[in-house]
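The following pair of complexes shares a single chain, chain A, combined with chain B in the former and chain C in the latter.
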Partner chain A sequence: MRLERRVHRPALLTLGAPLLALAFALAVAGGLIALSGAPVIEAYKRIAIGAFGSRLAITETLTRATPLILTGLAAAVAFRARVWNIGAEGQFYIGALAVAALGNVLPFSAGLLLGGALAGAVLLVVPVLLRLRFGVDEVVTTLLLNFIVLLFVSLAIEGFLRDPLAFGWPQSVPVPSEARLGKLIEKTRLHWGLVIAVGVALAVFAVNRFTVFGLQSQAAGANADAARFAGVPISRTLIGVACLSGGLAGLAGAIEVLGVKGHVSTALSPGFGYTGIVVAMLANLSAIGVIFAALFVAAMFVGADGMSRALEVPSFIADVTTSLALLAMLVALFFTNYRVAR
Partner chain B sequence: MSIYTKKKPDVAPAPGPVLEMSGITKRFGTVAANEDISIQLARGEVLALLGENGAGKTTLMNILFGHYMPDTGRVSVNGRDLVLGRPRDAIRAGVGMVHQHFTLAGNLTVLENVMTGTEPLFAPASHTRAARRRLTDLAERFGLTVDPDARVGDLSVGQQQRAEILKALYNDATVLILDEPTAVLTRPEAERLFTVLRGMAADGLSVIFISHKLNEVIEGADRVVVLRQGRVTAERATSETTKDELAELMVGRRVERPRRTEAMRGAAMVRAEGVSVVTAGVTRLNAVDFSIHRGEVLGIIGVSGNGQTTLAHLLSGLVSPSAGTLTIAGQNSGRLSPRDLIAKGVARIPEDRNTEGAIGDFSLWQSAILERLGESRFAKWGIVRAGAAREFCAQVIERFDVRGGTPDTATRLLSGGNMQKLIFGRNLIDAPKVLIAAQPTRGLDEGAIAAVHGEILAARAAGCAVLLISEDLDEVLALADRAQAIVGGRLSPPVATDTLDARRLGLMMAGEWDVTDAA
Partner chain C sequence: MNELLDILMSAGLWSSTFRIATPLIFGTLGALLCERAGVLNLGIEGIMTFGAMIGWLTVFHTGDLWLGVAAAAGSGAMFGLLHGLMTVTLGLSQHVTGLGITLFASSLSYYVFRLALPVQGTPPTVEPFANWVVPVLSDLPGIGPALFNQTPLTYLAIACALVLAYVLARTPLGLAIRITGENPHAADAQGLNPLAIRICAIIAGSALMAVGGSFLTLAAFNSFFPTMVQGRGWVCIALVVFSTWRPMRALLGAVLFALFDAWQLRLQTAFGKALPYQLFLMLPYVLSIVALVVMARRARVPQALMKPYRRGER
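Showing the complex of A and B:
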């Protein structure tokens, strides 16, 4: 038994793969819910209600999806060019920290968003330069930078950026309210960041689809030898990819501060950077797909919270479900490209 | 020639053949790689399998070793039939294979590599000491000196090959297969290898080696089986044949006169004087001189791995000369990029169309214009002009008869021949001044070869200066006006192909160009 590459990718399989993967993940997670003694159908109903059952629920899901769209794009853009950016979490935090640091100097949203994106971009350009120059594996460097950045954030918010009015909580000075992002709907947490994120996703789609940069970065990822032979400037292209990917993750951090929290703490991200990788893979690295994948993941997390309150099933079921969906998606994608042959 | 001295085995030959393959047929799609092949191998014998690229030598050996399943046929070792398609069964029967690309783990030591797979996975203890003793014994017995504790990645290619042979011997191989063993070796290393093989044969082992070098076949083997287009065309004792006869048997016929028409040879478009290329500390091209003139095809003939890839890369803008002067279209070219070359009117056909020529996941229009993104007709303000690109691609498809796709088809879906037509088309449609074609017909079927040859001659007739890098004697004789042999990164002086025949060209490929007269 061996695997061989499919000559034709059946369209039905390509489109159906993500749905199959989701169905598989929900089925297996259903088994786990049953094991914990809760009624499966009821649990999924609760999850759906928790995520979409009310105006508030919907806005919460969308708020949660906002940073995931951006970190998902960060991963998708990088992975398409085979730049293995595992450091979106660190880029997210450095973007957030840049906003907190610049907040009182540059008190307007556009400038702060740009500042956050720039900080994220720089944080990824360095590992990519190390890879291009010395062959240092960026998986290792970007991953380790996450921990360094998080410790640096701790240092900042307990030191030079500490908020003296926070009753001893380790958090940064707040961003002036005039620089914060406005609410989309009053009395909810939903803010203009969602519009920005969706707009950015469309822009990334257009860049991938229509520009020389998009074509060249895809070429560099799909077949670097052929790209080099065709005269694609590999280094410049990958540095561009690093700027875009790191910038998107940094923007996510900036938006989360300006739209939701108003300040930086080490609890700002429940792993948005890492979950972004899951989102990107679920979306099969498509920029438009990222929007939907982020919505699914956000709904799972928000819904599972509600479900666990009602049924006392641990909300970790959301982690399990999204992880299963990712694994199933990877297997499904594999079999859209390969088939078993004897 | 002392190193090739033959010694007949001291031991009495076993009654039957050690190895017998009979009626082996293997088809890939419609191509018969092996057609009803039968060979025998006696104990203590060194047998050479001689043939051009694609003659089916490697396929046959892969069947013997169990990598491929033959469509029909039977293989027996020491009188016992092998279960076909099972490498493990072949190993157990005593067949050892040394691949062209070694299968050693670079981060392990020689000893660890040799032991891999010989011990159960969950053994209580590893018998390292016994293994080491056995390895050093074997190494001593056959003169395969290599440090058992050296990391394989740190060894030279010759030493790695010795480790690979030791690994086979360690597994009690009685039949050793070597796939193009000298392709990666320097000459002294190759001579040393044959001394070792002789010693092993004298010790009662049997050896088959694959080759397309006439010298080593005549001098290193007892017997030679010639393969052509998947069939055995001849079988000779090496003491009863000559290089000339083998060359003709291998190529298959008296080489036909080329179908070139007279063309006006024009000015030199590319001129290299004493050009060397050094990459990663290794001299890939050593002070080569050549010139490519308008209306002329210059053939570079040689066995693969002698610097052709570097020469192609040099003229494709992927590497720069380390020494010497390279002049393209009258301009001294020190550092070059693919875009510079394209802008100067140099069309490039890469050696490997799948890794360098095209991106499988790209659509045909993307593959057609990727190297032309610097041109304003295909990209403006950073935006790809997909409409113009599709139209260009459609023209290429029509004019160069690319079958099996529209501009939006994935490049991966094209057959090798059609992919090559697309690559030729995207290069030739704008009448380039220079054409660099590296191994342009490798792996193509007859029809596609004819089409590619036609394109090359048409470009020549249109006044293009063509460099043809090829391993195929017929191809060079048919297309090239002048030819230079490439051996070990050096180029022979150019010779007019009118004064050449396949035999002489074959000798040049073996590095014996002193016997030919320069033109």
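Showing the complex of A and C:
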């Protein structure tokens, strides 16, 4: 058996392969649901109802998708330039913490969002500088920074940012209500953050498609040596990518605080940073695709929550399905570019 | 200052150092083996989690501790095979595949664990490995009581380091692995099969990682809980760089790291009132990053690391 690059990419395959990958992941998840003794079709039905079955369900799914769009974009812009930013979780939390810390100094949304994004950007620029200057692999440093930041958040909300009125719960002081993001639909949790996230996705798409920086970052990722030879300033481009990627993840944290919680705790993110990697890969690193991938992942999580309560299937099934979809998608995308030759 | 030194001299500190080091030794050796063959295995965090879960579950149902270790190794090998098929046979991105396997393996462990044991008030426990006291050696002054009064898995970890060091440096098999990691084209020209060598190295390395995970539930603690691996896998990836890809230095690095971790735990109890405990918990991660920065310049990375090999393609 030999693998060879396809000369032509059949259109049907380009469209069909990702769907096939999703179908595969859902089928395996079905097998795992069957293991728990729950009826599989019923479980799928309940996942769909839980995610899209009512007005409230739809707004919950969209609320959940909002940070995922941004962390997905963070991973997508970084991976396109081969900057392996696995630290979106830490950048998310540092962005959130910046909002809590600045809340009473800059009590308006735009300033706080910018502050959160800046904090996230700084947190990624450091490991990227370490890579450029000392050759330290950013995968490990960004991963380790996640743990450091989470401990720092815990330190802050038990120390200098502690809310004295929270009955001993470790959480930060609340942000002033005038700085919080407005509701998109009354009596739901859906907030203006969704509009911001989608707008940012469109902006990232435009940057990738129409600007010199977008081209340079793609070139730096595709072949750094060739790009350098063609006159692309690699270091400057990668630092720019780091600012953008870290900024997006920091913005996600800021929006989650201003839109949903109003304060920071160590339970703010159920792994939004890590799930962002899944979202980016499901979207094949396309900025527009990230919106849809985030919707799919959010729907899985929100739907599985409802389903697991009703049928007593562990809600971890959503994590299993989305991570399996990521692996299947990698293989599917490979076979749109390669074929088996005899 | 005297207080700091007193802590450093106590036998209890060194005893817990080797206990903390054990999973790191297994994990670092596993990651090192994969990287020596040219493959970065970021599945380590998830594979350790799954090893911890399946090892515990096996012992919970059968009561046989070694069967638990074997089950962990087997599960690690399966994830290694998956990693190998994707990164070696298909040549997919090692970063993304590894992270995908980490996410998949850890979420699958939580799912399977919940399936096997619905939520209960107090988590059930197993009878963990007892310490094996090595007769004469444990009476040695100084290091004796600390190093030779440990669970068998600790001795196994040290033995693995010795064996791997010998195999990599002194045997034809080790040479084949190293050629594959440095230059798979040359390996192919020598009549070796670089793809098969890489896949086998990943399988064996992943099995070691999973055994390291099982130490957590079968010796260090006696129950399984989510997120118990706590970034140990990522620390191992950093330790591989620190070790400059040599097994004996990996052993040394893991022990040094563990010594530091054990020391900060004791500092925490000594100075916990004056400083927030999170600062102490951060130290090991900060230390890993500092070690990476210091070692990065001196590191001799396997030349073909992270470069997929396809016959007939350059």
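Going forward, the second predicted complex is superposed on the first by the 341 of 342 C-alpha atoms of A that agree within 3 Å, B and C clash if a C-alpha of one lies under 4 Å from a C-alpha of the other, contacts with A are read in each partner's own complex, and residues count from 1 in each chain.
Here is the rule we go by: contacts are C-beta pairs under 8 Å (C-beta built on N, C-alpha and C of every residue); 3 or more make two chains touch, one makes a residue touch a chain.
All values derive from a computational prediction rather than experimental measurement.
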Clash or fit, chain B versus chain C on superposed chain A: clash
Which superposed partner A:104 touches (first chain B, second chain C, both, neither): neither
Which superposed partner A:274 touches (first chain B, second chain C, both, neither): second
Partner chain in contact with A:225 - chain B first, chain C second, else both or neither: first
Touching partner for A:235 - first (chain B), second (chain C), both, neither: neither
Chain B versus chain C as contact partner of A:54, first or second or both or neither: neither
Comparing the two partners chain B and chain C, which touches a greater set of residues in chain A: C
Which superposed partner A:84 touches (first chain B, second chain C, both, neither): second
Partner chain(s) touched by A:216 [first = chain B, second = chain C, both, neither]: first
Chain A residues contacted in one complex by chain B, in the other by chain C: none
Residue ranges of chain A touching chain C (in the complex, touch as defined): 2-3, 32, 35-36, 79, 84, 86, 130, 134-137, 139-141, 143-148, 151-152, 154-155, 158-159, 274, 277-278, 281, 312, 314, 316-317, 319-320, 322-324, 326-327, 330-331, 334, 338
Residues of chain C that touch chain A when the two form their complex: 42, 82, 86, 90-93, 95-97, 99-101, 103-104, 107-108, 110-111, 114-115, 118, 230-231, 234-235, 237-238, 241, 276, 278-279, 281-282, 285-286, 288-289, 292-293, 296-297, 299, 310-312
Of chain A, residues touching chain B in the complex: 7-8, 210-216, 218-219, 222-223, 225-232
Contact set on chain B toward chain A in their complex: 316-318, 337-339, 342, 348, 350, 355-362, 366, 370-371, 373-374, 379, 382-384, 386, 412-413
